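For clarity, chains are labelled A, B and C in written order, and residue numbers in each chain start from 1.
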Amino acid sequence: MNFEFFLADLWAARANLLAGLWQTVLISAGSVALGTLLGLLVGLGLSYGRLPLRIALRIYTDFLRGTPVFVLILACYYIFSAAGLDLDAFQAGCLALTLFCSSHVGEILRGALNAIPAGQTEAAKSIGLTFGQTFTSVLLPQALRQMLPTWVNTATEIVKASTLLSVIGVVEFLLAVQQVISRTYLSLEFYLFAGLVYFVLNFAIEQAGRAVERRIAIPR
Amino acid sequence: MTYDFNFAVVWRNWDLLAEGLMLGLFLALVSIAIGCVLGLAAAFGMLSRHRALRWISQCYVSAIRNTPILVLILFCYFALPQLGIAMDKIPSFIFTLSLYAGAYLAEVYRSGLVALPPGLREAGLAIGLTEWKIKRYLIIPVMFRNVLPAMSNNFISLFKDTSLAAAIAVPELTFYARKINVESFRVIETWMVASLIYVGACVAIAALLRRLEARLSIPR
Amino acid sequence: MIPVLNITDLHKSFGELEVLKGIDLAMHKGDVVSLIGSSGSGKTTLLRCVNLLEEFGRGRIEIAGEPIGYREEGGRRRRLPERQIARQRAMTGMAFQQFNLFPHLSAVKNVMLGLTKTKKLPAEEARAIAESWLDRVGMLARKDHFPGQLSGGQQQRVAIARAIAMAPQLMLFDEVTSALDPELVSEVLAVVRDLGRDGMTMLLVTHEMRFARDVSSRVVFMHQGRIHEEGPPEQIFGAPGTERLKAFLSNSQS
């Protein structure tokens, strides 16, 4: 390894790499935020919707979860440009990640709500709570706690999947690194560096998730 | 939107899509087989009495799980040759996916091992089995049956990850889909068919694994 | 005087299976009625109908003169809108076999939830009421504990406080001691007995025959979805009138 060359090149490319990293953060945070909002609605529909809605959402989630993210990204990218809709690579990629995230969050929420014993709803009803009150005061707080670890896991999956946007030309962190490699030929060093950065990013998310989990844990 | 659907172009290339699917299934199968062995070793490593072994296994599992698979694929294909480890596209991809599978399965096995009742090992000791035989005849078979559902989920997501082989031009399904897309301009049809093939394959694999689970599950 | 609870000709089926085949039962203020009978006789279903946790097919349930759950509209029977149902549920309080405390809320918050959400009381007032009831069931010292930190008997006492803090006209107890370890049964029964002494109107399903005898003003023996025999406890336990009841009592003497 040419460690000194690597450090020199790393320093020289710092602006581009940081810009790429910022894109990665933007893509991931945006997709997770939008995907979670959408996913919560999907999960609600899966749990409490009428039959036709449940069937439609079941097809939606199973289809999205059965398709590789990479295929979703390529499909969003090519299909929207072919259909004449003005989505650039960045938007198409974010859309794909958002849809992917929503299908996972929807399924997680459904599972979490399903795991709450029926007695909880009955007890809430028996003190006169309406369905809406039961949901917000009794079911949702329990479901969200139950979902948190899996949701954090989904968030790290999205960060990892954001690398796939490099293939459709979004200069996120991986593509920024590849551009540096094509100038410097230091593929070993820079790929290792990229791996390390993603590791740190995901590790930080996991630790943050654990900290939140501890904070909101129900004492027992 | 008025769009004339024309699946004929896509069907004309059905042999390419079938070939791509087969290659994807082959890549997944080989990698999963290697990954199962690797994962089992890493799982026992993480629970070992030896600190060094624990540390190495833990590092392997955390590093791989927190790194995007695309970075690993590119690293193995483009950077490892610099260390004198040069592999063709397909072996290189299998190598990467096996490493990836190993890390994910290790985590599954580890939680399976931790969840086993201590009485199992003690019962083995009581009838005079050696540690190795206890592992071989008691621990591993019981653990395997318990973690089968979790393993199935991992198998399916590993199969979906074979789509990423397209990134290093391994001619599997996603690679051919892009090719047909570019050559035919039937964008929507191509990606619809490609996703449907993936979804169909996932559903088929899931059904197959469920039958296997039912077959192997311990009656209770 | 208007009865607190008036059930007439109540029928309830689960699919093909008819579990309540015409129940008539009236309770007045201060009555303590125990429902006894073998499992599958319909006692728990009856209780759940009164709390509107089950829909029922035919018949009528009135709480303090108000028909609950349904209204007649041009000869048609219609389920009331959810908001009405919720209000009517709060007229009765229910204690469950499995306690069903909300695990993510402390004891005092469990009791406060219905007061702030259903009765729309300000938090401070709700807290004061909750604390006084927790005191009554001997749980004030543990008001900030979470359900997971309490024993089964303590959880059940909090659950009873949660129901009764809503000031229901009628308290329903569904086998409140069946899920408890034997040594925890008496602390819960003591709470129920105290409530009865204070004049609370209570309808309870129980397997504790001795307790039913002590606490009840009337005992109702149910069999196969019907009221088979009823009367004051001395009569039901001392001089059972039917063979069925005799057989049931001798089987449950253990």
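One rule holds in what follows: a contact is a pair of C-beta atoms (placed from the backbone, for glycine too) under 8 Å apart; a residue touches a chain by one contact, two chains touch by 3 or more.
Keep in mind it's a predicted model, so treat the numbers as computed, not measured.
Student: Would you identify the chain whose Cα-based centre sits farthest away from the centre of chain C?
Tutor: The most remote chain is B.
Student: For the chain pairs A-C and A-B, which is connected through the larger number of C-beta pairs in contact?
Tutor: A-B
Student: Find the most central chain, measuring centrality by the gap between its CA centroid and the centroid of all protein CA atoms shown.
Tutor: A
Student: Which whole number of Å gives the spacing of the CA centres of chain B and chain C?
Tutor: Each chain reduced to its C-alpha mean, chain B and chain C end up 54 Å apart.
Student: Just curious, how far off is chain B from chain A if you go by their C-alpha centres, in Å?
Tutor: Centre-to-centre distance between chain A and chain B: 20 Å.
Student: Between chain A and chain C, what's the gap in Å when you average each chain's C-alpha atoms?
Tutor: 47
Student: Of all residues in chain C, which are in touch with two or more distinct other chains?
Tutor: none
Student: Write out the stretch or stretches of chain C touching chain A in their complex.
Tutor: Going through chain C, the ones touching chain A are 51-53, 82-83, 86-87, 89-90, 92-94, 96, 98, 100-104, 113-114, 117-119, 145-146, 148-149, 159, 162-163, 166.
Student: Provide the residue numbers of chain B that touch chain A in the complex, in ascending order.
Tutor: Interface residues on chain B, with respect to chain A: 1, 3, 62-63, 66-72, 74-75, 78-80, 82-83, 160-164, 166-167, 174, 177-178, 181, 185, 187-188, 190-192, 194-195, 198-199, 202-203.
Student: Which of the residues in chain A end up touching chain C in this complex?
Tutor: Spelled out, the residues of chain A in touch with chain C are 117, 119-120, 122-131, 133, 137-138, 141-142, 145, 218-220.
Student: Mind pulling up the chain A residues that touch chain B in the complex?
Tutor: Against chain B, chain A makes touches at 62-63, 66-72, 74-75, 78-79, 81-83, 156, 159-164, 166-167, 174, 178, 181, 187-188, 191-192, 194-195, 198-199, 202-203, 206.
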